[in-house]
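Labels for the chains are A, B and C, by order of writing; each one numbers its residues from 1.
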Amino acid sequence: MRRAGRARWAVCAAAVLTATACGSGAGAPGGAGVLTASWGDPQNPLEPANTNEVQGGKVLDMIFRGLKRYDPRTGKAENMLAERIDTADSQNFTVTVKDGWRFSNGEKITAKSFVDAWNYGASLRNNQKNAYFFGYIDGYDKVHPDTGTQSADTLSGLKATGPRTFTVRLSQKFSTFPDTLGYPAFAPLPTAFFTHHAAWLSKPVGNGPYAIQSYTKGSAMDLRRWNAYPGPDKARNDGVTLLVYTDSNTAYTDVLAGNLDLVDDVPATQLKNVRTDLDGRYINTPAGIIQTLAFPYYDAKWNTAGARKVRTGLSMAINRAQITETIFRRTRTPATDWTSPVLGTAGGFQAGLCGAACTYDPATARKLVQEGGGIPGGQVKITYNADTGSHKQWVDAVCNSINNALGNDTACVGNPIGTFADFRNQISQHRMQGPFRAGWQMDYPLIQNFLQPLYYTNASSNDGTWSNPQFDRLVDRANAETDQPAAVRLFQQAEGVVRDNMAAIPLWYQNGSAGYSARLSHVTLNPFSVPVYDEIKVG
Amino acid sequence: MPEQPQQPEGAIAGTGAGGAMDLAASEATALERGPGGYGGRGGQDKPRSLWSDAWRDLRRSPVFLASSVVILFLVVISVWPSLITSGNPLQCDLAKAQDGSQPGHPFGFDGQGCDVYTRTVYGARASVTVGVCATLGVALLGSVLGGLAGFFGGAWDGFLSRMTDIFFAIPVVLGGLVLLSVVTSNTVWPVIGFMVLLGWPQIARIARGSVITARQNDYVQAARSLGASPARILLRHIAPNAVAPVIVVATIALGTYIALEATLSYLGVGLKPPSVSWGIDISAASPYVRNAPHALLWPSGALAITVLAFIMLGDAVRDALDPKLR
Amino acid sequence: MGRYVLRRLLQMIPVFVGATLLIFLMVNVMGDPIAGLCGERQCDPATAAQLRRDFGLDQPVWQQYLTYMGNVFTGDFGTAFNGQPVTELMATAFPVTIRLTVVAILFEIVIGITLGVLTGLRRGRPVDTTVLILTLVVISVPTFVTGLLLQLLLGVEWGWIKPSVSPAADFGELIVPGLVLASVSLAYVTRLTRTTLAENRRSDYVRTAIAKGLPRRRVVGRHLLRNSLIPVVTFIGADIGALMGGAIVTERIFNIHGVGYQLYQGILRQNTQTVVGFVTVLVLVFLVANLLVDLLYAVLDPRIRYA
């Protein structure tokens, strides 16, 4: 009985394995030069300043081009629609827009296209979730006050001074401001967006290499190459059909069966088979995402000198190499600093900055936790949300690693919370009692974006309310510094303060992954883990 | 409808007089008393109730004995898992993740590198408790409410049936997230309570339907005209004849409750880590079925054996309660 | 009978109000949904407050409920967080789910009752044992795994089906998902049929029918089965609603954008308007299905009168 049962399963598994090696081929819908790609339902209406997750971001990346664009390979911000951005003092900027750009409906792109779009994005009444991106611009507090109603409709720091020039005045010095302008929230918008808003939302019109041909909410979006696109990054395929999948595993199976050309985000459960399944048609490249464990500094138990040692001890009790290898199949890389490799060394990434504190060393870990007075409260509860991202697997693995290192079966347990909203609510109400999951996906590839929002006093994503005057001072100085390398050095010094206090335990850098059918080539992912659709060749 | 001898008069007249002839003539053995239960086998004079007859039959049923042994075994390892394993279910070494069987670890390792055999043994406690207690609770609450609705009919039925409708409408995920997320206790009881709360309408509807059918029977009408109390009619005459579908649904539901516990844990509102249960292990192993089917096979197999034991037990009890089989 | 049906239809009103109120309160108890809309960061307080105002979340619960019900009666079921009207979501989700449910129910009726009759007439024979083993497999192996393996075998290895269902989701595409969805219920239907059949086999009317010399097929079909179906019909009736709202796993595996999936998403995102809207329709389905089942009782057993 036992033997028979086993054999049946083995046959099943074997059949499945051999089957998948020969999948894919012709028959994908969409036409000869059009590829099909997996998609998820965007969480928000597809307005540039209202899209804060990757699925909506995919579309914006295809139909919009902003003043700057981040190079899909290096992540460096390069001029796109901007002819030049001048500043003398890192606070007042003059932007000149290139001539000859149009929206795909024929409308000419002018300075006003940007000014109107940014004013719309910043205005409180439009409910744009990325409004805070305009927070550095002078007059933001009038357009978007923290409480009450807005007293102005437009940003006072924003002025169109000619058909192709506009000026931006910031409320503080921010030397790398121009480099943030590649973020989709800063995209220009056509007049139709304001005059026929509902119609625009059901079929957005932009200025990117693709134009939307049809959009069925909840199931599919058809994008076709816009032949009159004036930019250098013209689409090398005829179009992309985005298909909404309820589950990335289904999309993956569809690629195996030849019904889909491209699945980004290969499910973790299939990573062990992906190389044989797809015969090498699999990419796994670094993205600007870091996972950390944050701590509740509002809880006095975690805000002591001893607790710093405990945090370092816990960090050393986590076998990052083994977890990234076994659980994530190398789609994560053990973290050795608090930024991301996609920044490059010039951008501020420092491999090994964390040093021994991020290296697995059970004996030292045990010693440090003891010296620090033991785990506050007797047990580490790692809080995470259970509804997205299968966090349970790595939290359990981290806990097992800590338990094995400390020689105590229940030193660490996972603490799942049902929904993401509830998780965020408990965080914002300061109800965490121990470390909690913190993932950070960069908005733009700058070291500033990995440090300031997360560790600056009262910053928007400083969920643990960590506060350190020395860190704050260094960040302020870095933002005022006009010389880029000097600014990066100051940010790195600030990161050193984070390290010395182990403000958060860095776990791993996340990669983007994708699998594709045999008819595609030149498939790459940009540092935001979004496929570079325009470069993909079909056939 | 032409020629429909639905309820032949002769048959009705014959009911209660005893005597059973079978559809398959080979099985047709003999005589015995009617559903009310009078007279006796083996020449005893004292009239005995149907329930005690059933118990006497059960003790002689090999199916009953076999399933009881299995259930007893499950109970014993639930209480003392260390009797058959010396391992520690929480001791996991990621280096061995998904490995097959090796000496000392007959069932291999799961995705976290925990010993599958040890976890399957230790998982019995939570899973058997959840399965059995939730089923008992649902079956009792459901059959009492459904039975009353079916027996009394009218306004009672209207009220109870519409209550089942409302409870049916609550999505399990929503109910779990709302009712269980406020619970801090790390025991199986909130989970069981939740399952009873949301599970009873299913049994209630089945019980109601069966009681509605059974109360039409002639022996019920006879008992009624003889002046038997409603309680006596329900317990003596209707319950034994209406219980079979409830037993069938309950024994299968037992398995689904064990699986439902995993769904709740998956949602983060079931048993809190580091609990061990078959459901949790099954749901953890499911996505990896291509690579490590063994990690799924053993907890699933344990679940299957448990369900089998209870299905067989239910069958035996039903047979024992069916006077026509004697 | 007319009066009975009318009374039952009138009873729907309190159930409708009760169920919607209950669901409304439950979603409300889950807490503030706005925090989940801003990714891994805190929503800026002004936008959060504005969103709360727009969705009416700043009002007391009873007022929210009244406003909502008022809108429902004018056909406005509100909007989901992505700006889509809930009626639009329902218009795409329900047709697909109804087709999927029809397929699953047909499987339950055809395969479930057939297997039930076979095993009920041949208790203890090989066919009975085989079906029992299948039942155990279906109960103890999660739908997720059965679905996944069927998808890989039929969809990838043998190429008989497409692994995912297209947005059109016609009946042909829904056969395998329907089977997967029906699998656990099949176990119930089979064993219910088997047991009641075995019980009624020895009834007097069956003996009489045989004694009268009626052919075996007629005895089984007309007399035995008909009188054994009441628990089965009860189960299937209650299952319709459960299948429609609870097909979460099946819909995810086969990429069906149906009611279960939308409802699940709505619950996780705590979108009151989506959840209450969908559940409201499901409650109506339950009520109608149960009414039909009760009417069927009288058809199956003429002794039962509408009370």
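We adopt the following convention: contacts are C-beta pairs under 8 Å (C-beta built on N, C-alpha and C of every residue); 3 or more make two chains touch, one makes a residue touch a chain.
This is a predicted model, so every value here is computed, not measured.
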Chain closest to the middle [Cα centroid of all protein chains]: C
Selected pair, greater C-beta contact count between A-B and A-C: A-C
Mean-CA-position distance for chain C and chain B (Å): 21
Whole-Å gap separating chain A and chain C, where each centre is the average of the chain's CA atoms: 38
Cα-centroid distance, chain A relative to chain B, in whole angstrom: 49
Per-residue multi-chain contacts in chain A, two or more chains: 12, 16, 249, 387, 419, 422
Multi-partner residues of chain B (each touching 2 or more other chains): 177, 181, 287, 289-290, 301
Where chain C touches two or more other chains, by residue: 30, 148-149, 152, 267-268
Residues of chain A defined as touching chain C within the complex: 12, 15-16, 18-20, 23, 41-45, 52-53, 124-125, 127-129, 131-132, 144-147, 201, 216-220, 244-247, 249-251, 253-254, 256-257, 259, 387, 419-425, 428, 438-441, 453, 460-461, 463
Interface residues, chain C side, partner chain B - complex: 7, 11, 14-15, 18-19, 22-23, 26-27, 29-30, 132, 135-137, 139-142, 144-145, 148-149, 152, 184, 187-188, 191-192, 195-196, 199, 201-210, 212, 219, 222-224, 230-231, 233-235, 237-238, 241-242, 245-246, 248, 263-264, 267-268, 275, 279, 282-283, 286-287, 290, 293, 297, 301-304, 307
Residues of chain C defined as touching chain A within the complex: 30-47, 49-51, 54, 81-84, 88-89, 92, 148-149, 151-153, 155-159, 162-164, 167, 251-257, 261, 267-270
List of chain B residues in touch with chain C within their complex: 4-8, 10-12, 14-15, 20-23, 153-154, 157-158, 161-162, 165-166, 168-175, 177-178, 181, 201-202, 205-206, 208-210, 212-213, 216, 244-245, 247-249, 252, 255-256, 259, 262, 282-283, 286-287, 289-290, 296, 300-301, 303-304, 307-308, 311, 315, 318, 322, 324-325
Touch list for chain A against partner chain B, complex: 5-6, 9-10, 12-13, 16-17, 249, 267, 269-270, 272-273, 319, 322-323, 326-327, 385-387, 392-393, 396-397, 399-401, 403-404, 409-410, 413-419, 422
